[in-house]
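A single structure is presented below for examination.
Think of it as A, B, C, D, E, F and G in the order they're written, each chain with its own count starting at 1.
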């Protein structure tokens, strides 16, 4: 029983990670890559770690595994946000088929202040 | 005895302290030292005359058998008397000559130091101690020649003199050590007993060469003679004392001293005869063309030194006796002439012999001294010089097949020397006194009495040779010959070939004196040959050497770091390759290797690609990031192969390194200058060769069995004794805790370094 | 096929291949951000490898390395982002 | 003989450094602590050498783990001597620093790092473990990096880059050598290695490892052709730092070479030839380089290289006498080179430049100081009977004994070049008329300093000059000491037995 | 960096990571970890905090210059190392309390030594990173 | 204030206990003391944390979230593995109801972890969240789904 | 596996050397780091590698019984890594300082100290 759940969990985890890997290669722009990898990898690692927790079947190890997962859940999106934001600053382009860019022109180039103003409709346009 | 030798050093050491007090008229008091020493050494005459020798031993470095072993026999006694006697006169003379000079105290210091060194040199039985004093005379001479150190010419001459004599000195050192090695003793007395051993030793020629180099440079033999005329830049007392009477004779002393040890051998005799002969002729001819009084005297001194070497080279009893006498003869008249020159220079302000005449009218006592010295120099009876010259001809005439050639050479030399002596000693004083010198007057007696004493002795010894015959000269010859010779000095030997030769010499010299008038034109004719003189050749060689040195150093030390790295790695690679392919049996024991698994292979492949990527990417940041991947791959390898602690540490450190790089790189400019293909290929080859050698070496080491005594001990005791279960950590904090202690100190220092490197800004006053 | 063999011969290589694929993105770039993303993902995948390896070798201590990896991967991302913003500011 | 207190020279320097870090901003307190603790360390070092000479080799096993399992610290005559020399030079430079190091540098950790460096040196001398030696080397390297760059001036940075690179390269090679050595015999204790390496059958691998060690230490001791970093960097930091570098740092490399190539790898014929040639060429390049320099500190730097060649030559001859010579020269060289760099600092303070072209007139203006400075200058030349002379006796004689005329010739040539270089330096710096030379603005000249600072600059020069006079004139004592050490370098049994206990008969 | 998200996250990460760091430090003698890695994690915690909130704020939390941790840590390690000398033992000889302390296990000089390492590593890392961030 | 601290302290102690795996009384006391010291060390007077009072709720939300995460991944997986791209990405401006830093942060993180969305940044006046999304067929519907889905649920838990 | 590792080690050494021979100071430092990595791996490999048996005594026992990885090289590498980190950190900052005072990253322009000053 344990063995099967370990096998399933680890397989799922590995597959998610594999997907993330393929995603990071296949996705057409940086933001999509970040988007894909953050979750796929977090989920995949979570599953594999849980598999390990099952395997060792020890309270201290389980709690440690949970701590790692918690930590990843906390940091992965923050990291993604930081990298995405910094990339946008440095002018990393979005995919050509992207529909909207509400962020355009909202950053003050020198102070890095991000405004919340909604722009008039005529300015808002497709990328 | 030790005190008497070292007293000069003591005096020299005291002078910087008490110097201020004695600068005035008290300076003459310093002459007490050489006078006392002179008297002290005089007291040995009776004993030495009776064939006794004195030995004094003071321990210094008994470990090496290097001690103050002073040996006083005839030869050393003659020299000590010359040193202290002429020294006394020079000290006295100086007190007037340099009266009121700012640095008079220094001058006396150097003189005293020199005197002591010279005494040590001639008294040492220990050849190493002898060498030590030998070098000290060179150094004192360096300071004395450079005494007028504001003048560039002085500095150059002193460097040249030190260069040549120091150069020879080192050969002498090697020779002395070699003698000690061959015989097992540093004592000259003991060496005399081992003549046979030395003569038959394979190193004999080498020893001869080394000793000769020392003697020839010091005694200004051709082709090393040229430092001596330059040394005349020194104040006249120095020229008198060092460069005519004593120091330059150190080489002669050495040869005489070693005659019983090394002499009486074909190589010894031939070399000395040739070198001495060439020197005496070459320098004598040179002396003829000089205008500068000191120049004339310098060249005639060189020539005289040549004569001495020549005589020692002849090596017969006659010749050595002649040498013994001539040492004294020359010292007396040459010192006189120098002192006189000093007075002339001091009073008239010139040393140009063509400008000087008739000085007798204003300074008669000086003139008398000079003329007496010139007579002795010329070998005109009844001077002591006549006696000396006779003995020389006696020696050459009896030298077998070569007698005629040698005699002719000696006669020619003597003719020139006579001329030179007249030029220096008679020309300035006779004839018409130029108007500008009419107001001159006699200098202080302190200056003219010393030359008069010396010149007087030159005549007294000639008239009454018995005064010095058996008390002094005989023991000298005895020491050189290492036997007890039987002879008597006498002025008159009856009608003989020798007398004829003397007459020819005097006649020739006088003839020359009346024909040749010293002038610029004559000098110019002589200096035409300057470019091929040994001095020019050697100086040219020095310059070539120096520019080569510059070239080599600039090529080696070119400022390009990568060439430094290349040279190191090439050196290492060549050695490694040689040792690996020559000394190691290359094979791979596949049985010992572990299996290759897919995931590890992938990790390693990624690592390999990252390495290549790091190397070839154009962006520094990408290189840094790729370096991160290399680090992570290593981390995985550590993990797979049972090193969790390592994996953790590697990973954290690697990330930190990358972060540091990132923080530093953000404001660096784009790197554009790429090296050319050629150098890249060259560097690539070198890198691959080196990497390949390391790989090969690693493979070979892997074949060897590894002893696990130490890790087995750790495995056994980590928990039981050190109370830890993570053996690696136990090693870090306990078994090898000292390493870790040092490691955290390294980190702290690095942090301080980073802090100061980034924060410390020197104010402009603090920049250096 | 035992669980060990399954993990060792299927899952571990699968994860390794994932890393290889991600590495392709690292090499391709094109921007530094892309490389940072792939670096981060490589580390994350590394955590997976460590977890599987700890099962395979029955060494739970390896899981602690996973924790440190996660922590430091985050630091790396943060630092790069910091750098990207700073650099932009200075242009 | 076991004695846990032999590590006190290390501990006292470490303690000093830590204490100084607590007084980070108080410059005067730092100066006082540095000088006082240097004196204390000197006392400890004297005690150490005394007991070692009296009772034989002393050993302590860190952590009380018997050798070869823990880290051994061992005070044999050579290491105790090196510690003493370090303490002497350390005290001198510490005092000199009080007078010459700028307050800005003091406020940024000059003194702590200085004492860390001394600690590193003492550690390197006292350790009996090859990896621990590596670690001490790293302390030396990092602290010298910090010192050489302290102030961050352009020349300092440019010089330090070469210095840093070469030292890191040397470390990498050293580490590689240790890796291979461990891979071959599985031990790190030097005494243990001595036995185990001797028993190894694959001599080829042993020889290759020896090459790696030779090159690694060779870079550190700056032998040809591995020396280029030294003339590029030693003249760049402030004089006090140059002094400690010039006096001690390269000698650690020499020490390591002496240690490793007598204890672990007894040189075979190839190695002897290699070392001899390297030594000869080192003498030549160093002295030739010195001949053409105009910056006095560069002259001294090149002479360091040349004279390292002498010491290596002693190793290359590999006779007891030659090693005695090397040890003697080591003693002389540490004292004199330290002193010379301080002298250069003093000259700089007086004249505001290091360039011989712009120097002059020192003898006229400061006759007594000039005579003082003449002592180290002519000691370096080896004007007999000053300290540089004696070692040459041993080498020349050994050279003749083993018929290595090449080395004798190189040593003689080196001596001559040194003589000439220093005489030229004397003529230029001290004799030449200095009145017309340019004066710098923005430099605080010697006569403007407070008397205390002036004393602090002159006193250490007097101190070291007296020592070198003693080495030269009282050569007998120093030779006795060198002889003891030279004997022990050739016969390592006492060393090994002190660490591992009596060797039983079955082992060769 | 002015991001609310990061700032908020970092203030929760700090205590968590510090806790984790001490955990790693204390168990080093038994399992992978120890003073070095523990110290690194602690330092990283502060570094992350400083990235988010600025160095001044982080300084405010530490309350003194992080470089000061270096002499403290060194002194602690030194004392642990030379304590045996006072009883005539060799340098770094392990001194142990008789009984194990709850949670930590056996307490001896090695632990104090490791704590010294920990402090030094924190001090070093923070000094380096803070200095360089300040001078950017 | 004191209560908040106490709770944070307890929570940290619990985390300590689970980290060490030592669920004994001593372990807890030690963890408590340790975290007490830590909190004291890192405390600044300005701080006003409510995080720890919400501890249990957060753990509950955690499991809800796992579900969302899995769902999100399956959707993306499909797009990744199939040759054609079905996505219509863009950056959308979402006005925020959430007020505190903690609320905004959690919301942003959750959005990042859900299907095809990535929180890029929050405006400096904390009024607007900019989200990069993979599938924006209808912008208004998208904004609505976020506001009604995650934000509402989250605020329910937090407030 | 050793064969592959041997190749990687050689590659690391080669790459390190090659980078040291470039003109960029940054590359020089990277080269030194690569060299250090190579040396560390070399120690690791020459201590002989063992898979999956970390030298940690498990809960129940008092000694390391079965075949375990040699802990000594690991401890050495740990020390070496940390020390090199200190040196590298300093060297990296040196780049920054060098750029500030010499205004370039180009090593060929940093050779004034070899000229006669």
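Just so we're on the same page, a contact is a pair of C-beta atoms (placed from the backbone, for glycine too) under 8 Å apart; a residue touches a chain by one contact, two chains touch by 3 or more.
Per UniProt, the chains are A = Monovalent cation/H(+) antiporter subunit G; B = Monovalent cation/H+ antiporter subunit A; C = Cation:proton antiporter; D = Na+/H+ antiporter subunit D; E = Na+/H+ antiporter subunit B; F = Na+/H+ antiporter subunit E; G = Na+/H+ antiporter subunit C.
All of these numbers come straight from a predicted model, not from anything done at the bench.
Engineer: Could you tell me which chains make contact with subunit D (Na+/H+ antiporter subunit D) and subunit G (Na+/H+ antiporter subunit C) both?
Structural biologist: In this structure, the chains that contact subunit G (Na+/H+ antiporter subunit C) and also subunit D (Na+/H+ antiporter subunit D) are B, E.
Engineer: When every step has to jump to a touching chain, what is the lowest number of steps that links subunit A to subunit D (Na+/H+ antiporter subunit D)?
Structural biologist: Graph distance in the chain contact network comes out at 2.
Engineer: Going by C-alpha centres, which chain would you call the most central?
Structural biologist: So the chain nearest the centre of the shown protein is D.
Engineer: So which has more C-beta pairs touching, A-F or D-E?
Structural biologist: Of D-E and A-F, it is A-F that has more C-beta pairs in contact.
Engineer: What chain lies farthest away from subunit D (Na+/H+ antiporter subunit D) once each centre is taken as the mean of the Cα atoms?
Structural biologist: F
Engineer: Could you state the distance in Å from the CA-based centre of subunit C (Cation:proton antiporter) to that of subunit E (Na+/H+ antiporter subunit B)?
Structural biologist: The separation of the two C-alpha centroids amounts to 26 Å.
Engineer: Nearest whole angstrom, what separates the Cα centre of subunit A from the Cα centre of subunit G (Na+/H+ antiporter subunit C)?
Structural biologist: Once rounded, the distance between the two centres reads 33 Å.
Engineer: Calculate how many whole Å lie between the centre of subunit A and the centre of subunit B, each centre taken as the average of the chain's C-alpha atoms.
Structural biologist: 79
Engineer: If a residue has to touch 2 or more other chains to count, which residues of subunit F (Na+/H+ antiporter subunit E) qualify?
Structural biologist: In subunit F (Na+/H+ antiporter subunit E), residues 15, 19-20, 22, 108-109, 119, 121-122, 124 touch at least two other chains, as defined above.
Engineer: Where in subunit A do residues touch two or more other chains at once?
Structural biologist: Counting only residues that touch two or more other chains, subunit A contributes 22, 34, 42, 58, 61, 64, 67, 71, 74-76, 78, 81-82, 85, 112-113.
Engineer: Two or more other chains touching the same residue: where does that happen in subunit E (Na+/H+ antiporter subunit B)?
Structural biologist: 1-3, 5-6, 9, 12, 16, 20, 30-33, 36-37, 41, 44, 67, 70-71, 74, 78, 91-92, 94, 124, 128, 132, 135-136
Engineer: Run through the chains and report each pair that touches.
Structural biologist: A-C, A-E, A-F, B-C, B-D, B-E, B-G, C-E, C-G, D-E, D-G, E-F, E-G
Engineer: Tell me, which parts of subunit G (Na+/H+ antiporter subunit C) touch subunit B in their complex?
Structural biologist: Contacts found on subunit G (Na+/H+ antiporter subunit C): 1-24, 26-28, 30, 33-34, 37-38, 40-42, 44-59, 62-64, 68-72, 74-79, 81-83, 85-90, 92-97, 99, 104-108, 110-115.
Engineer: Considering only the defined contacts, which subunit F (Na+/H+ antiporter subunit E) positions touch subunit A in the complex?
Structural biologist: Counting only subunit F (Na+/H+ antiporter subunit E), the residues touching subunit A are 15, 18-23, 62, 65-66, 69-70, 72-73, 76-77, 80-81, 85, 87-93, 95, 108-125, 127-128, 130, 132, 134, 136, 139.
Engineer: Contact residues on subunit D (Na+/H+ antiporter subunit D) for subunit E (Na+/H+ antiporter subunit B) in the complex?
Structural biologist: 2, 4-5, 7, 11, 14-15, 18, 21-22, 24, 60-64, 73
Engineer: In the complex, go through subunit D (Na+/H+ antiporter subunit D) and note every residue touching subunit B.
Structural biologist: It comes out as residues 14, 21, 62-63, 65, 68-71, 73, 102-105, 108-109, 112-113, 116, 119, 123, 127, 131-132, 135-136, 138-139, 142-143, 145-146, 149-153, 161-162, 165-166, 169, 173, 176, 180, 183-188, 196, 202-205, 207-208, 211-212, 215, 219, 225-226, 228-229, 231-232, 238, 270, 274, 285, 288-289, 291-292, 348, 363, 367-368, 371, 378, 383-385, 389-390, 392-393, 396-397, 400-401, 408, 412, 415-416, 419-420, 423-424, 427, 430-433, 442-444, 475-476, 479-480, 483.
Engineer: Given the complex with subunit B, which residues does subunit C (Cation:proton antiporter) contribute to the contact?
Structural biologist: Residue positions touching the partner: 12-13, 15-17, 19-20, 23, 26-27, 29, 32, 35-36, 39, 42-43, 46, 49-50, 53, 59, 61-62, 64-65, 68-69, 72-73, 75-76, 79-80, 82-83, 86-87, 90.
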